[in-house]
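You will see subunit A twice below: alongside subunit B first, and alongside subunit C after that.
Right after this comes the complex of A and B.
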């Protein structure tokens, strides 16, 4: 059974942009270990020569007519924004100090 | 309060509204009164609804009455019939939260295609129903707004993720509901509440405006108290949508006709496959005996029963809990605190990355975080082939199992869920125990095939169990036919519909 350490959970949380708490790290490490232990049995299946399925009902080359259709107005797009200014999304600084 | 109206089926209500025997406004008001009396809130009552749109519902019903009053034909066979909409579909005039704090109070700038079709059909939308956060869960306990309770026993869960939609039906708050089914979120709640729930073929109903959980698995579908009502709603919401590139561009199967044919009660010539892998160990004895009784009834209706072997189904749960979290970890990256939804920011010196991490920490509940991290793990280099890649291959093998089974049988059957409704709090801290609820429903999502749950009877402690009927891609007609035939025979045998035995909900003065 794959054991997942506290440090690994902290790494995953960082990658996933989740500022998890110290207490959560312990809980998630235990739970994720149990879940990974259960799903690891997927490796029992001999499937080397089996093609993968990414989509249940495959479709290809789905086109639409190249016609104008109305999209969202600026005001509609900004209506749910946590902060907006001069018709644009207002966001926190993007670059870190070391950048 | 006119409780009589809330007991009728959607088909009966439509007939009365369209013949002007009752008005759509009276019908809407009866259901709104019922919601006010039994729904309660996070602390008590059924708590099926997160938002009730009383004014909009009455306004919509008024338009139906006005149109009928000047002699216009009804906009659809369900014009004026009330419906409860799962809070995962975007609605211009109602908040849309997907059961998450991160979207608390969000007003979407557009309607989902399902919402648009309901409006075009002049169906009265009563409000938005509770769900596990972003449809991740099997009990509705992972809603950020408190659990929905099961009308059969309010100390128990209604299943999930669409527990709100299912409980609204079972508590007679609405005769119709829409749900979404990624791993069983329509069918398992239907089984737990003694109602009917249908997962159409993947691509059968548009996903445009459906807040994504796992895009290759998500499928919207109809929920009702009878098979015919589900079929009527199916024909309203299904069909090709150019706004969803995975939408199937083929005619909608004639499910209403199929349900009517089925109700006549003859299944001779139909081959029904019993999936050997979906039953026995792990299935509650009462659930199993309801299933066995259903098989005897199907045989009496003239169907030929055969046993089929789907050897890879036992790996379905493992494949699903790798594929789903992987898609979730990608899909939920959009909740970045920049364009809509919650933003948690403590000062101007914080970077976008810090704001995003703090927002997601505050806005997502534990199950969502677990699945995002699980997916992040499964997709990371070094594990990708062993987990995600292997799961996709197993998905192919499950589809092949279905294909082989459907060469021998027209439909496949199993119990919908291994157990009946469990007590609130029982599994909420044990994710793996929660996942096992979806054992029998997951294969159809992985293969994209059609499947539905119809009440099979009462099992342990007088709680309902469900019969799952599974059909090939676009094979909905035969599925509805079998379900309707079974429903009619079971009602005749048991002296009425299963749902009529639900205890009366506690009414607030």
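Right after this comes the complex of A and C.
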């Protein structure tokens, strides 16, 4: 019983901007299926009234005060960038997407 | 180029005769907290690029976001002011995408658990009618960085060679306020949209949670518009117009989309669901990103941020901090100043309410303050082509002029000259009075001399007055006022004229 289809893997790969070959789609579908199957076993023991866990530690309202803290200098901020120009990160042109 | 984009616009009157518009307004407001949503970087506008960044807002490995308490308090206060329910428990969510305006490749937002839901805002239109705008939700998120597209011709993304990113704005607390679909506004849809954003801006300003500067992007509006033929109840396909950066543009963008979509539908074509861009100069919209497939942002609960669980006590504490809200203030002012609904509306529409209120605050009676702002000063502003609040006179200065009139030191005529002097940059009202020598001549001996010489200059008039023709006194009063350059108290002059002619 396939837990995840080949098409779903292809879709996820596209969303994640991963180049995946036809052969790899089969491989990953199989591997991901095993992982999902293992995770799905949790629902065998978790009843309907147990909500999915999003956080391992049961805490809430963890806040900081609205106080300035020193950050990075411009040069430090850009130090790890593959390309920079005029104090800004330079990125390849973006096609087909817009903010 | 798709053919629908070049369809003719339908005449607006025909649009509203044939179609019912449905609006949805999304307003993004940047909070005026000192620091960002999840880190201690400054939110100040206008700094050199990438000088207000840190490992957290740059999404560097090993960094951990922590929520700014002030930002949460602000959104709860916004929610309360909009009569929303505050969620007793909610989480942040990751919105995953690959556009480089967020260095993390995701934006922290809220998805299916917004902190505030189901409220409303009553909006008063220029004609005095009120429309209740239902609020769907208000949620917290972080603003994105700013992109600069280099190359190409338009500065837009299409045709650009590459882009430059400044992440100073990335992580600034952003609240998104979304209306429920607004139906039944008909021909008034564009002005309702504008009035809503105006009312929301005024509310946010009163709350003190944001600069609400549309020109600087701290208040931004996306307008969703669709049309349905009259009599139909299912919504048509909508478009979302972005880049609507002024109140006037909100109205124009809605109106334009109505006429454009009606033209498309009338030609038997379909409106394409897409994001459109508003062009300020032409007042039109142009197609942006197509929304052929629903976005797949793979939202999931943000694992790095524990949930927010505002206790009822905390919410009530915050409710107690709400200031007098704009509509409460208007009601109080109407009561205190004994205004009719129409008089109040005129004040609001003239942009004079705050100025009059400040003048009253500075000690002037409301009647005088109102009269100055809506008549003489409104004329001056009009003549200069500036908004009333940009006239170079402060409410406190005007209050001083009104005080000088009340104490008899200035006549109404002189008061106008003093105001003119202040507007001309000659200093405070007292400076102008001193420099121009404008104090009312109240020294009777000086006035008597002036009256006598006026009577001597017009012996025939003097004779008539002595013969009982009191109405003739006006000519002498006029002559005295002229001789004293308007600085005499006309009432006193008249008394003196009659005295001199009967004694």
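Going forward, the second predicted complex is superposed on the first by the 88 of 99 C-alpha atoms of A that agree within 3 Å, B and C clash if a C-alpha of one lies under 4 Å from a C-alpha of the other, contacts with A are read in each partner's own complex, and residues count from 1 in each chain.
Just so we're on the same page, a contact is a pair of C-beta atoms (placed from the backbone, for glycine too) under 8 Å apart; a residue touches a chain by one contact, two chains touch by 3 or more.
Keep in mind that this is a model prediction, so the values were computed, not measured.
Of the two partners subunit B and subunit C, more residues of subunit A are touched by B. Contact with subunit C, but none with subunit B, is seen for A:66 once the two complexes are overlaid on the shared chain.
Of the two partner chains placed around the shared chain by superposition, subunit B and subunit C are both touched by A:77. Contact with subunit B, but none with subunit C, is seen for A:20 once the two complexes are overlaid on the shared chain. By the touch criterion defined above, A:41 reaches subunit B but does not reach subunit C. When the two structures are aligned on the shared chain, A:89 is found in touch with subunit B and with subunit C. The contact surfaces that subunit B and subunit C form on subunit A in the two complexes overlap at residues 15, 17, 54-55, 57, 59, 62, 64, 72, 77, 80, 89, 91-94, 96. Listing the residues of subunit C that touch subunit A in their complex gives 33-35, 39-42, 48-55, 57-58, 60, 66-72, 89, 91, 96-101, 103, 144, 147-151, 157, 160-167, 275, 288-289, 296, 298, 300-301, 303, 305-310. By the touch rule above, subunit A contacts subunit C in their complex via residues 11, 15, 17, 54-55, 57, 59-74, 77-78, 80, 85-94, 96-99.
Looking at the complex, you find that subunit B touches subunit A at residues 106-110, 201-203, 216-217, 242, 245-246, 248, 312, 315, 317-319, 321-322, 329, 333, 336-343, 345, 348-358, 360-361, 364, 366, 369-370, 372-374, 376-377, 380, 386-387, 389-397, 399, 431-432, 435, 445-449, 473.
Put simply, subunit A touches subunit B in their complex at residues 4, 9, 12-21, 24, 27-28, 31-32, 34-36, 38-45, 47, 50-57, 59, 62, 64, 72, 76-77, 79-83, 89, 91-96.
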